[in-house]
Amino acid sequence: MPKIMYIDPVGPKGACPKLKNDLDRIKQKNTEVEFTCLKKGPEHLEYRYYEALILPELLDTIRDLETKEYDAAIIGCFYDPGLYEAREILNRMVVTAPAEASLHIAATLGRKFSILVGRLKWVPQMMENIMKYGLKDKLASFKSLEMGALDFHMDENITLSKMKEKALEAIELDGAEVIILGCTMNFGFYEKLQDQLKVPVIDPAIAALKYAELLVEIRDKLGWYTSKKYAFETPPDLR
Amino acid sequence: MPKIMYIDPVGPKGACPKLKNDLDRIKQKNTEVEFTCLKKGPEHLEYRYYEALILPELLDTIRDLETKEYDAAIIGCFYDPGLYEAREILNRMVVTAPAEASLHIAATLGRKFSILVGRLKWVPQMMENIMKYGLKDKLASFKSLEMGALDFHMDENITLSKMKEKALEAIELDGAEVIILGCTMNFGFYEKLQDQLKVPVIDPAIAALKYAELLVEIRDKLGWYTSKKYAFETPPDLR
Amino acid sequence: MPKIMYIDPVGPKGACPKLKNDLDRIKQKNTEVEFTCLKKGPEHLEYRYYEALILPELLDTIRDLETKEYDAAIIGCFYDPGLYEAREILNRMVVTAPAEASLHIAATLGRKFSILVGRLKWVPQMMENIMKYGLKDKLASFKSLEMGALDFHMDENITLSKMKEKALEAIELDGAEVIILGCTMNFGFYEKLQDQLKVPVIDPAIAALKYAELLVEIRDKLGWYTSKKYAFETPPDLR
Amino acid sequence: MPKIMYIDPVGPKGACPKLKNDLDRIKQKNTEVEFTCLKKGPEHLEYRYYEALILPELLDTIRDLETKEYDAAIIGCFYDPGLYEAREILNRMVVTAPAEASLHIAATLGRKFSILVGRLKWVPQMMENIMKYGLKDKLASFKSLEMGALDFHMDENITLSKMKEKALEAIELDGAEVIILGCTMNFGFYEKLQDQLKVPVIDPAIAALKYAELLVEIRDKLGWYTSKKYAFETPPDLR
Amino acid sequence: MPKIMYIDPVGPKGACPKLKNDLDRIKQKNTEVEFTCLKKGPEHLEYRYYEALILPELLDTIRDLETKEYDAAIIGCFYDPGLYEAREILNRMVVTAPAEASLHIAATLGRKFSILVGRLKWVPQMMENIMKYGLKDKLASFKSLEMGALDFHMDENITLSKMKEKALEAIELDGAEVIILGCTMNFGFYEKLQDQLKVPVIDPAIAALKYAELLVEIRDKLGWYTSKKYAFETPPDLR
Amino acid sequence: MPKIMYIDPVGPKGACPKLKNDLDRIKQKNTEVEFTCLKKGPEHLEYRYYEALILPELLDTIRDLETKEYDAAIIGCFYDPGLYEAREILNRMVVTAPAEASLHIAATLGRKFSILVGRLKWVPQMMENIMKYGLKDKLASFKSLEMGALDFHMDENITLSKMKEKALEAIELDGAEVIILGCTMNFGFYEKLQDQLKVPVIDPAIAALKYAELLVEIRDKLGWYTSKKYAFETPPDLR
C-alpha cells in the first residue's frame, strides 16, 4: 500500500489542500495520498528567488518523509523545484514532480506538445527543465495566458476560455497534438478542456501522482530506482 | 482488469513464449497478460526488410485485438516496429513497445543511459527511434555485444559476462547512469546485471508492460489517450 | 543505357501513369524510364498504415527489378516508403525516392527550403525523414495547402494559386529560398510556380529521377554504391 | 572605483581567503576586491543538496551587498549556484560567476575548450549550465582528475601533474584549444599549466573578476545591465 | 596604455570616421582609439563578394598594426569579416569584431537576444557566424528593418521608429530580452532605444571596443591570448 | 556539351594539372573538362589566411568564366573557399566544390561518414562548412593522417597504408559507413582504398565534377539554379 505525500512547496497561505480531492479521485485503489505544505514560504513560486528560499525546508521535509517510510513524495510545482536535489539525497523513497511526469506522458501520447503558462516570465526556467530532461524536440510551443499562479480560480470561466483560445492556437498554428497545463494551480480544468479540444490535456499534479505510482511499483518489483552513479550520487553524510 | 497481449512479432519458430513468465511475475495483480506470435515470419527482426515483411500481419493482429476488447498490445521488439502505425489505426486500445517505454523510464532514473545492442548493425535504426522519441540528449552511448538476437541464451554465462564488460565501459567511459538492454531476447538478465553493476538495468519487455499498464490506467481514469490530431490521425475507413 | 523503373507505390486505381510524360521529357538521352504500380493497394499513402500495407509488395517488386537487371528503381511517394529497406536488400541496383533527392538538391540551391504539404497530418512523418537524412537545419518551414493527395488536379488553377500563396508566405515570413513540392502528385506545377516565384521549385518525382541517374552513373564509373556496412547490411539469405 | 565582493559560498571552515591574493594581483588598478564567506554552510559544494542549503544565505548576502552599494558580487563556485536567482533580485549591482565568465572568455580564445573537473559526479550539473548558457557546441570534453574540491592543494605537484596529463588528452584526443579549470579551488595552477601546455588555461575565479569588471563598466558607461524582461524579472516586493 | 585601431573595412567613400566619437566617449581612460579605413574598397559590405574583395588589404592592415605594436584591432563590420583569419596570423595583437563581442555580452545580460538587421539578405551569413560562435540557442530572432547599411542616418527619426517597432515585436512575440543592433552603421541609436524599450540595446561597435579592452587586459595580466592550437595556428612563414 | 573548368585555387607552383586525368576518365561523354590555376598564390590552402589571399583572383576568374559561357566551375579545394561568394555573383554559371558535393553524395550512400584530413588544424574550418551545409548529424568523425596537403604523393604506399588504418578506425570505432577523402590532393587513392575497405570511398574532386554535371543538367532542363533570394542575392552592380 504505497504511501505518497503531495507537498505544496509554498507557505500555508498559498497552499491549496483541495487539490488533494483530484488526486484521491484518480489514485490507484491501494495508494494513500496525503497533502502537506511548508511551514513558511511565499504564496507562489513564480520567481527563482522564491524557489531558492523554500529549498532547504522542502528538502528537509522530503528527507523526513523517507525516514517515516513514505514511498514517494511529489513536489507540487511545475518548475519541479528541488527534484534533482531530492533525488540526490534520497536512498529509497521515490520523488516526482509535475513537469517531468507531464512531459514524459505527453511525449508518449503525441509527437508534439505545447505548454500553457501563466506568464512569459515562466518560459526561460521551464525551457531549462525541458532541456535538462532531454525533451526539447517534442515541444511545439509555450502559450501564455497572462495570468498569475493565484489567478486561475478567480473566474474559472474566463480561465477556461483563455485556455481554450491559447490551446487552439497551439494546435492549429504550432502543430501541438497534446496540451500540458503548466502550473499545478491549473487543477480542475483538464477534463472540460479535453472535452472541447479533442486532444489529451495533461493536468500536471495528476501526472506527477501517476508517475509516482509507476516509480514506486518498478522500485518494489524490479529494483529500478534512481541511479546513484554521477548525477544523483548521495553526499557521504546522508548515505 | 486490464487484458494485455504481448505480441512476439516473429514467426512461431523464433517466438519465445517463456518470456511470458517474466511478465506474469511482475504484472500488476489485476492485469492479465497473454502471449502470441505471428502465423508466419522470420525468426528475428535484425533487418529492416524482415520488419517490413511482418508489418501487415502485425497490424492486422493489433486491429483484431482492439475488436476483441483487449486493453493493450505490446509489440515485443526493441525496434518498436509498427508502433506509430498501430497508434494511427487504434481508437481505444493502448499499444506500447520496448524501446519507447525503456527510454522514458531510464530518462527518469538517471541523466544518461547507454543501450547494449547485439550488433552495430542495429544502431542506425535505433538511433532513428531515439531521435523520433526526442530523447537523443539522454543517450550516453550504444555498446555492442557482438551477438545476434538468437545467441543470447546459448551460453548465458558468456552473455552475462559480456553484458557486464560493456555496461562497465558505458558507465566508466561514457558517463552512463542507467543501462538499457536493447533486445527483448535479453530477458532473464537484468536482475543479475543490476546486482553486479549497482545501477538500474532496464529489461525492455518488462518496461513495455509497465508502460502499458500506466497508459491503460490513465486512459480509463483520465481520458488521456493517443492524440488523434496529426501524427496519429486514423484513416477514415478505420475510424 | 540506364533502365530505370518508376514505381507508383499504390494500387492501379490511384496510380498516375501520365506522370511518366514529365519524366520522359527531362530524362537523360540514354535513360529508359518505365512506369509501374502495385497490383493491389490503397489509392494514396497519406497514412502510415497504408504504407505498411504496401511495403511487402513494394519490396518484392524492387527485388524483382534487380533480378531483371534494372539499373534503378524510384519509389514514387514523398514519404520515401521502403527506401532504407530497399537499400538493405539490394546488392547492385540503385534506389531513390522523392524526398531524399529533393532535399539534397534543394540544400545545394539555397540555404533554406520550405516544403508544401497537402495536410498538416503529413508533417510529423516527413520531419522524421528530414531528421533521418540529417538535413533538419536547412528546413525553413512546412506549409500546408489543406488538400489531399488526390485533390491537386481537380482544379489546377486553384491548386496553383494556393501553392503560390503558401510559397510566398514561406519565402517572405520563414526565409525560404527554395520551394519543394511535398507530394509526387504535385506533378505539372513546378514550372509555372517557378516562373511566378523567381526561386527554384523542386518537383520531387523529377528530382528522384535525376538523383537516380546520378547514382547509377557513380556506381558504374566509380564503384560508389550504397555502403553495406551497418545501416544497409543485406540479410544473409538475400546476399 | 568599483567595489567588488568575492563570496566564497561555503562556511568558514571551507572558505579560502588566500584566493584573494590572486584576485588582488590581477584586478584593475581602481578596483577594490573584498572577500567573504557564509556564516554557516558545508566545506564544499560538490553536491546539489549542499548548494540548496546555502542558497538563502547566499542570496541574502548578495541583496545586502546591493544595499551597501557594492558594484558587483562574484559567486565563487564553478557550479555558479544562485547566479540566475541573484540576477533576478538585483536591480543595480552586477553579479558574475566562474563558469559563465570562463566559458565566454574561452569561447573567444579558441574554437573548443575542455573543462578539468574534480570528479565525474560534477559533469551532469556543469553540462546543464553549459546548455543554459547556450555554449554546448564549444565544449570539446570534460576530463576528470578524480580529486575532491578539497584535495587540490594537498600535494600541488601531484595535482599539477594530473592536470597536465588530462589537459594533454583533451588537446590531443578531443581537439581542445583552451583548458578551463573547473573549480575555484584550482587557484594557483593556471600559470604553470599554461607555460607547459602552450594553450590558454582559464582560472575561473580570475575570469569571474575580469567579467565583473567588464559588466560594471558597461553598466556605468552604457547602461547595459541585466535585462529585467522575462528571465530576470524582479519579484514585485524586491523592486 | 592600450592602443586600439578601429578599422572601418570599406573604402574612404563609405567610411564613417565620426563613429570614433562614440568610441572615445566610452573607452577606458588609458585606452587610445584610432580610426582607419581601407585605401580602396566598396562603400558597404552587404554582399559576401564585397567582403572577399577587401580581405587581403584588411589582413595586411592588421598585420601591419601588429608590427607597429598596436594592442588591438577592431574589424568594424557586423559580419566580422576576416576575424578568424586575423586571429590565425597574429601572434600578440588582439583582434575583435562587433558580432562576436555583442553576442557574448548579450548572452550574459539576458537569456535570449534578437538582432535587428538591415535586410533579410544579411540573415544567412550572420546565422553562420552565430553557429560558428556556438551561441545559436541564445538567439530569439532576427528582425529586418528593410534598410540598407547606408540608409540608417538618412532620417534618424524614421530609423529609430522602425527600430523600436521591430524590437518590440522581438520582445513581445519572440521572447527577446536583449536587442542587438546588427550593423556598425547603427551607431548613435542605442541609448534612445534603450530608454524607450527598457531592455539593454547593444551597439556593436562599442561592444567590440569593450571586448578589445578586456582581451588586451587578460593578455597582459594573465597570458590569456588566442590559442595557437588548431583553429588559429599561424602559417609557418608568419610566425 | 557542358564546358566545365576545374580551378586549382593555388599558384602555379602548387597546382596539380595531372588531376585532370582522373576527371577526364570519369566525366560524362559530352562534358569537356579544362584545368586552370591562379596566376599567383600559395602552394596550398591549409591556412585561412592563404584562402583569404586568393579569394579576389579566384572570384575574378569565376566571373570571367561566366562571361566566356562556361557551364560550370569547380573550386578545387576541400575547404570550398569562395563557394558561397561565387554563387552570389553568378547569374547563370554553376559552381561546385569538393566538400559540399562529397557530403551530399556520401549522405545518400550511407548513414554516417567520416572524413580523412591531413592535419587536425583542418578540422575546425571543415566543421564550420558541415554545419553551414546542414549535415552535421551525418558526420561520424574526422580522422587525421598527420600529413600536409603536399605530402600525400611523396610515398603513396605510406599514404595509402595510413589512410587504410585511419579509415578502419572510423568504421570500427566511430560507426562510419562511407569514407570521404578530405583533400583534393588525395587524388589517385580512392579506388585502391575502396577495394580494401569494402565501403564507398569518395574522391572529392571527382564528386565535385559529378555534382557539377548534375547541376548543369537540372539548370538546363528544369531551370533549377541557385536561388537569388537572400543568401545568394547578387550585388546590384553585377546583375
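Note that the chains are named A, B, C, D, E and F in the order they appear, and that numbering of residues resets to 1 at the start of each chain.
Keep this in mind: a residue touches a chain if its C-beta (ideal position, glycine included) is under 8 Å from a C-beta of that chain, and two chains touch if they have at least 3 such contacts.
Since the model is a prediction, treat every value here as computed from it, not as a measurement.
Here the chain-to-chain distance from chain C to chain D, counted in touching steps, is 2. Chains touching both chain A and chain E: C, D. Here B-C and B-F are compared, and the pair linked by more C-beta contacts is B-C.
When chain centres are defined as mean Cα coordinates, C lies farthest from chain D. For this pair, chain B with chain E, the centres built from the Cα atoms lie 52 Å apart.
Averaging Cα coordinates per chain places chain C and chain E 44 Å apart.
Within chain D, the positions touching two or more other chains are listed as 111-112, 120, 123-124, 131, 175, 230-231.
Every pair of chains in contact is given here: A-B, A-C, A-D, A-E, B-C, B-D, B-F, C-E, C-F, D-E, D-F, E-F.
Interface residues of chain B facing chain C in the complex, by the touch rule stated above, are 46-53, 55-56, 59, 82, 84-85, 88-89, 120-121, 123-125, 128, 131-132, 230-231, 233-235, 238.
For chain C in complex with chain A, the residues that touch the partner chain are 120, 123-124. In the complex of the two chains, the chain E residues touching chain D come out as 26, 28, 100, 104-105, 107-112, 131, 133-138, 171, 175-178, 190-191, 194, 198-200, 202-203, 206, 210-211, 214-215, 217-218, 221-232.
If you check the complex, the residues on chain F that touch chain B are 111-112, 175.
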